[in-house]
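Everything on this sheet refers to the single structure shown next.
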Amino acid sequence: MVPNSTNNQVMATKETSTGPWRDAWRSFRKNKGALAGAGIVLFFVFLACVGPWLAPQGINEQLLTDRLKPPSGQYWFGTDDFGRDIFSRIIHGARISLMVGFFSVIGSVVVGSILGIIAGYYGKWIDMIISRIFDIMLAFPSILLAIAVVSVLGPSLQNALIAIAIINIPNFGRLIRSKVLSIKEEEYITSAKAIGMRDIRILFSHILPNSMAPVIVAGTLAIASAIIEAAALGFLGLGAQAPAPEWGKMLADARMYLRNAPWTMIFPGLAIMLTVVGFNLMGDGLRDALDPKMKN
Amino acid sequence: ACSSDDSSDGDTKKDNDEGTTETAEEKVLIFGRGGDSVSLDPAAVTDGESFKVTQNVLETLLNFGPQDTTINEGLATKWEPSEDGLTYTFTLREGVKFHDGTDFNAEAVVKNFERWASGSEDLFPYYGSMFGGYAGDEGHVIESVTAEGDYTVIFKLTRAQAPFLKNIAMSPFAIASPTAFEAAGDKFGDSPVGTGPFKFVEWKRNDSITIEKNEEYWNAEEPKLDRVVFRAIPDNSARLNALLTGEIDLADGVNPSDGETVEGEAALQLFERPSMNVGYLGLTSTRPPFDNQKVRQAVNYAIDKQAIVDAFFEGRAEVAKNPMPPSISGYNEDIPGYEYDPEKAKQLLAEAGFADGFEMELWAMPVPRPYMPDGAKVAEAIQKNLADVGITANIVSYEWATYLEKAKNGEADAFLLGWTGDNGDADNFIYVLLDEDNIGSNNYSYYSNDETHKLLIEAQTEVDEEKRNELYKQAQEIISEDAPWVPLAHSTPLLAGDAEITNFFPHPTGSDRLNKVDFK
Amino acid sequence: MGERQTILEVKDLQTSFFTDDGVIPSVDHIDFHVREGEILGIVGESGCGKSVTSLSIMGLVPSPPGKITSGQILFEGKDLTKFSEKEMRKVRGNDVAMIFQEPMTSLNPLFTIGNQLLEAITLHKKDWNKKKAHARAVEMLKLVGLPRAEELMNDYPHQLSGGMRQRVMIAMALVCDPKLLIADEPTTALDVTIQAQILKLMRELNERLNTAVILITHDLGVVAETCERVVVMYAGKVVEEGTVDTIFNNPQHPYTKGLIASVPDMRYKKQRLYSIPGSVPKPGSINQGCRFAARCEFVFGRCTEENPPLYETTEGHKTRCFLYDEKEVLADDRAAVKS
Amino acid sequence: MLHYIGKRLLQLIPVLLGMTFVVFMIIRAIPGNPAQVILGQLASKEAIEALEIKLGLNEPWYTQYFDYLVGLLKGDLGESMRTVQPVAEEIWPYLAATMELAFFAIIIAVIIGVNAGIISAWFQNSWFDYMAMVLALIGVSMPIFWLGLMEQWIFGIELQWLPTTGREEVRDPINSITSLYIVDTIIQGRFDQLGTVLKHLVLPGIALATIPMAIIARMTRSSMLEVMRADYVRTARAKGQKMFFVVYKHALKNAIIPVLTVIGLQTGLLLGGAILTETIFGWPGIGRYIYEAISFRDYPVIQSGILVVAFIFVMINLFVDILYGLVDPRIKYD
Amino acid sequence: MTEPLLKVEGLKKYFPVRSGLLGKHTGNVKAVDDISFFVNEGETLGIVGESGCGKSTTGRMLMRLLEPTEGKVTFNGKELTNISKDEMRKARREIQMVFQDPYASLNPRHTIEKILMEPLIVHNIGDPKSRKKKVHDFLEIVGLSSYHAKRYPHQFSGGQRQRIGIARALMTNPKLIIADEPVSALDVSIQAQVLNLMQDLQKELKLTYIFIAHDLGVVRHISDRVGVMYLGRMVELATSESMYAEPLHPYTKALLSAVPVPDPEFKREQIILEGDIPSPSNPPTGCTFHTRCPFKMDICAKDVPQLQEAKTGHFVACHLYNEQLQH
């Protein structure tokens, strides 16, 4: 008699077949800022993918007779001191910046996650050691660490990427460690234990998926800062090498033309800012959508 | 022994007080530059930023000309070489006092040379390299330095050294107060005491060095300025900004691209430092394919030097064809140099068996230098030129110290580098940069040729100027043919200053004497 | 017992939340009143709008997204909904005070008990000097039965147990002699033995100070033991109102009946609990008809079409159910069936 | 409390020790020989070898490391290979310059960031909130060197309002006693000079403050939003407290703890991470000092410089942890 | 008398309190301190007590979700406290648990189907198809529908989630279910639904329950026997009739009298206890209740009273009922 009473219950939500991800997407979709951010990011991802076919010029088509030409119908963003089309270079550069962002963050997420999970899940002395390593890395002035790493490996885009990945490891490591620690205490973990589940399965089936949301959020935001860090390394001459159109390097190279040919600085600067704003907006939106604590 | 320190300290304070009360009439020159000095003991350092300061605090026995490297009076008023070139007699200026009040005399000169000769390369690096080593070393050129009376010093050499007088005129061999350096020991470089037109006042590390007028300077007319402050502003653009805002009066290391801007500003003037340098693309002749002379020549033909000079030196440089600038005696005008000729280059490549080109690393300097204001950009331009003849050049760069070390180890295929002369002697270019003796040192391209070696060694001891020049010209011919480098440019480094500045003559060595400088 | 003055009258109050999912009327046209010195209980299940009602009275509905969308709250004849924020501030803590459900979180953890008590005093007694205020604070702490009152003034909330904190909250609410005290589930977070202490204290204080109390709770037992009159809420509506005795002895609304029947009684063992089928509707999901219709055993056509009004069946006993509409012939019969 | 500090300091030892080790190994992995760098391009092989012996570079790394640690224990930070000065003596003016700049920046960042965050949270979704958050977003999205150059261009050159480089008006130099010019000018009563010192701080200070300001503003906002929903905030309002005091007294004190963490972290980051700002604004700070030491392979300077910066970083964070206890009586140190 | 399904002897759980530099062990939180009881097959044992008295700790130790500090748990003749972890894991097939918080105990990222399937996969029961069928069957059994299988926990109300929690506990056909405050978080009307469901299931599936709660009414309603805990100790254990009709321990008396009864006409003498529950990290000596006890004697502060049978089937740990004292 009791069971049948539920059939006429009013369901809590009208839509059927939704999941946490879909829910997150719904809340994300409502957030205008986040959508704008995602739009910007998608736009740059698009550029990165098809840029080479879109750009009117290659990355190193010099025309020394057309040096430092202001923006015009022919050169939308003007030309640089080699007479190269800045517009084309920025389009090509999207790929570099996104690559640095994505891969460095993936690198630090992978390494950071492994260390963080081990520390958080196994605790005790392993946690002690890993946490101390994180402390050491965090106490390092990060830009100096990056410079030192690039100095060891030699300046190149790939090495800049590695350096940025390294300096971000402890951030992710600590994030995941604390997440694992808190999820470990959740009741659904106890309930998984209560049904007799093995530790390792609990780790992969319950703890990991549930710690992903903050990692995705932090990762998106970290991509933003990685792009800026790459630009800073580029500015110091420690990033991508010529003639790669890395935006930070373009800025650094153009710095002496700030007065004579401001477009050489303005456009790459705007490109960096826009991309970074895009990732930040998207990250904030994801945080609101994925991190229930922030939900009102 | 401490008295000298104390008195100079006392002076400093007193003058400081005066300084602050009389700011209105004081003539202060603020000289912005790219880096700080390492030490103010000129003998102990090799960097130009140190000499920029010491040049005005300590003086050498002989001076270079105002804008060249001819030999002029300094602390010595007369100098006489013996016939065989083994003995030099210097007559010293009388009535000169060090800033600490002690007398400048022959004794002081002897003590300075004794100090250097008893040192080692890490203490007094230039002494060893210019005079063949230190006391007791086999190659040491200076056999003895002796005082005869108060104002005569006699140098005895073990063998003739052609550029000896030029060496004596170099900044590192400025005479310091023996009382001071004996008292200060290692710390002498913190507060140098010399006879120069300016006295050392204060050093705020990485920020500023202040020197002030030496009221007791032997030339009563000089200096005109009351105080000079050397400020370190590493970024070229920022330095120029500081000049534009009036925070500094004179800026070293102006980007060629900013030359026009400065010329366009009424309140500013542009100074050109006479060129005494060479910027080049070194081709490591031990590394294939650059062990092939034809390939090296092909690369020489492939690069459009004029375009590079126009674009990245903004035309403020002379296209180079020899390893040294034309202002140096012994320069060979008759060398034709390599014209920009991609066809010829391709042909040579084909002859060498590289019709389809090849792939190589092209090393780009990570730092600006007067002889190469922007290595990375020059590299990009070269990369393009090489691509046009079928050579794929990948630009690589290392952090500066690594760059030099790796290049020195012969790890580079082709690398950008350059050299600013120390004393304006041909030896200081050709021998130092291209002789087989200097492989593993400054001969980064690993060029070795017995013929040039013979010529260059002979020239070192040849006292007759004519004959010596002839030897160098021969060497240049051979080098041009062997093409271990692509000489690119002899640049004219730029400085910018307040329009009010007068009598500032930038010196080709990079160390400027400011004793005549004045404000309108 | 003489007829007491009504000090608070809530008329047709509607408070809505303007959310992304639309406008949710969490409190939907409710009416009730409180008389001087009485304890009025408001019961209802989670989410039925009890807290929103009390916050509406205090003018503390979080805004945005909440807003009082219609109705009046007459406190001593003056409509609080028309008050400016400044006027409201004078009322809060002074004429109407409130204590909240969670004694653990309702005190600011970073300030001493004394500091928070004194704040409550000096806000309204501007002319009192420090000493007087302090004396009053200590007096109140003693009044609510806290030992070591002087020392407690310098303690921080975390140094106190839950029961003690709730006593502090009560002291703080009563410090300015309010005419009305709203207690929003003051004992829900406490253990039974501590709950008994607090409820006893509240009854005593009510008698001694003659402060009117609105006691909000979801525990029918608490209501039965503490209150004089009861308002039963369901999904933002008042469904029944009456004295404690009538509500418990003669519940009329099917919801009230079900509620009372579904509580396990400690005194005897029921073979099987009565259970109301289904669950509480999400606010705003039912706009038409009686909100309880979907769970009601006695549902009939009209229930899902019209919104039932409050029928006053006997003096002071009101029910929002068509079963008590005189027009409904069947009503009496049906009601008889159950009770 | 003292016990707690002692314990924390003890815990620092392995971190700092690990730190020295990491730095030691990394810098030795950088290709390039200090002896070569010191002696310059002219140096002969023999000279380099001789200098290596003199600098102890020929010893195996563990001997060098051990010697360095022994030196550290004696309070000896080593001697700069380049300037032949004891690092301990040399480092202070650089550190002072950076500290002055970093603290100035963090103070700007805190004052503006915290207040902007509070007001944004208080008036959530108001135009102020939107503006402040958009600005904060742009703040974290801007490469700092580009901001610095733009600042110089606009406020220095075009408007001529503020000096663009250095710490002082060199025509009227400051008599340095502590190397902290603000302190120096005050103790000497030179308030005119204090003005110029502050003026010099403005542009680099703003460049440096931008990112922490934005981060602090966002952090404060979200922390405040959370706290403003707390029950005790409602309690305070129910007492009849003014909104201003509710926000600035009750809510802020609770919201500030996560913000303090951020402030501590950011202050620490500024100390070592101001290299670009220091370069662009010709600021003789520790970041540039270490950066240049890296390019000169001045091992002792790099090792000790980074160690000092890291030490200050952890000390600041320790200080922040102690601050927590002052703010929050629930936190006990034992 | 047959052997009880579960027997607990001298169970203890001390949580170490660490402090100082190296985390020196400076004391213990005696969360559970020497309790013994048994549960017969098919019956429901209720455990009541105020917050922090060690109810959940006890429940968790029975399944070794927490390792007991001391004591013996025998289930179905097997001593659970000395088998290996892996064996214990397997033994959990027989003992299952229902948790208090219907929101926190379900992984928000898994569908109901996945949540319910998990115990079957873990214990390797059946093949995918039969598992699916079983999931659907049990959804029906707990009063949900099979179309709910594809949904996520947040799409259900609290009562529905608790049904899911119960279904999960039933998936492996356990003998014993430990329910830790399964209805505390639920509204009254929903609470009744869940209690009814649990009773129905017990009958149908011959389940044994250990039912932990703090609501005395609920416990009385569902339990055959009731144990009362105070500060880590079991102070009274009896059939629910006996316990509610005639509580012996002063604490139980006070507890029962403090419970508000939803009947305005019901009048009784309330025993209002003074003060708060002491901290388990620093429990009073002797009888832990003596600090609040209205009938305190000298011995109470000294000796720990043992749980002993005062009447048939009615155990109490109080010196008032100590035979030695009575002569």
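As written, the chains take the letters A, B, C, D and E, and residue 1 is the first residue of each chain.
Assume contacts are C-beta pairs under 8 Å (C-beta built on N, C-alpha and C of every residue); 3 or more make two chains touch, one makes a residue touch a chain.
Note that the structure is predicted; figures quoted are calculated from it, not measured.
Participant: Mind listing the chains that sit against subunit B and also against subunit D?
Facilitator: A chain counts here if it touches both subunit B and subunit D, which gives A.
Participant: Given the two chain pairs C-D and C-E, which is bridged by the higher number of C-beta pairs in contact?
Facilitator: When the contacts at C-D and C-E are counted, C-E has more.
Participant: Would you mind checking which chain's C-alpha centre is most distant from the centre of subunit E?
Facilitator: Centre of mass proxy via C-alpha means gives B as farthest from subunit E.
Participant: Averaging only over C-alpha atoms, locate the centres of subunit B and subunit E and give their separation in whole Å.
Facilitator: Whole-Å distance between the two chain centres: 88.
Participant: Could you give the separation in Å between the centres of subunit C and subunit E, each centre being the mean of its C-alpha atoms?
Facilitator: Once rounded, the distance between the two centres reads 32 Å.
Participant: Could you grab the centroid distance between subunit A and subunit D? Build each centroid from C-alpha atoms only and quote it in angstrom.
Facilitator: Here the centre of subunit D sits 25 Å away from the centre of subunit A.
Participant: What are the residue numbers in subunit E that touch two or more other chains?
Facilitator: 157, 160, 193, 196
Participant: At which residue positions does subunit C touch at least two other chains?
Facilitator: Residue numbers touching two or more other chains: 275, 277, 279.
Participant: Which positions in subunit B touch two or more other chains at once?
Facilitator: Correct list: 235, 237, 398-399, 402.
Participant: Could you list, by residue number, the parts of subunit D that touch subunit C in their complex?
Facilitator: Touch list, subunit D to subunit C: 124-125, 229-232, 234-243, 250, 253-254, 327-330.
Participant: Considering the complex alone, what residue numbers of subunit D touch subunit A?
Facilitator: Answer in residue numbers: 14-16, 18-19, 22-23, 26-27, 29-31, 137-138, 140-146, 149, 153, 222, 268-269, 271-273, 275-276, 287, 290-291, 294, 302, 306, 309-310, 313-314.
Participant: Inside the complex, what are the residues of subunit B that reach subunit A?
Facilitator: 235-237, 255, 257-258, 260-261, 307, 310-312, 364, 366-367, 376-377, 379-381, 383-384, 395-399, 402
Participant: Which residues of subunit C touch subunit D in the complex?
Facilitator: Answer in residue numbers: 55, 58, 60, 62, 64, 85, 89-94, 97-98, 100-102, 105-111, 119-120, 123-124, 156, 158, 169, 172.
Participant: Which residues, counting only subunit B, touch subunit D once they are in their complex?
Facilitator: 16, 20, 23, 26, 28, 30, 32, 35-36, 38-39, 46-47, 120-122, 125-126, 128-129, 186, 189-190, 202, 204-208, 210, 229, 231-235, 237-239, 241-242, 244-245, 247-248, 398-402, 404-406, 408, 432, 440-442
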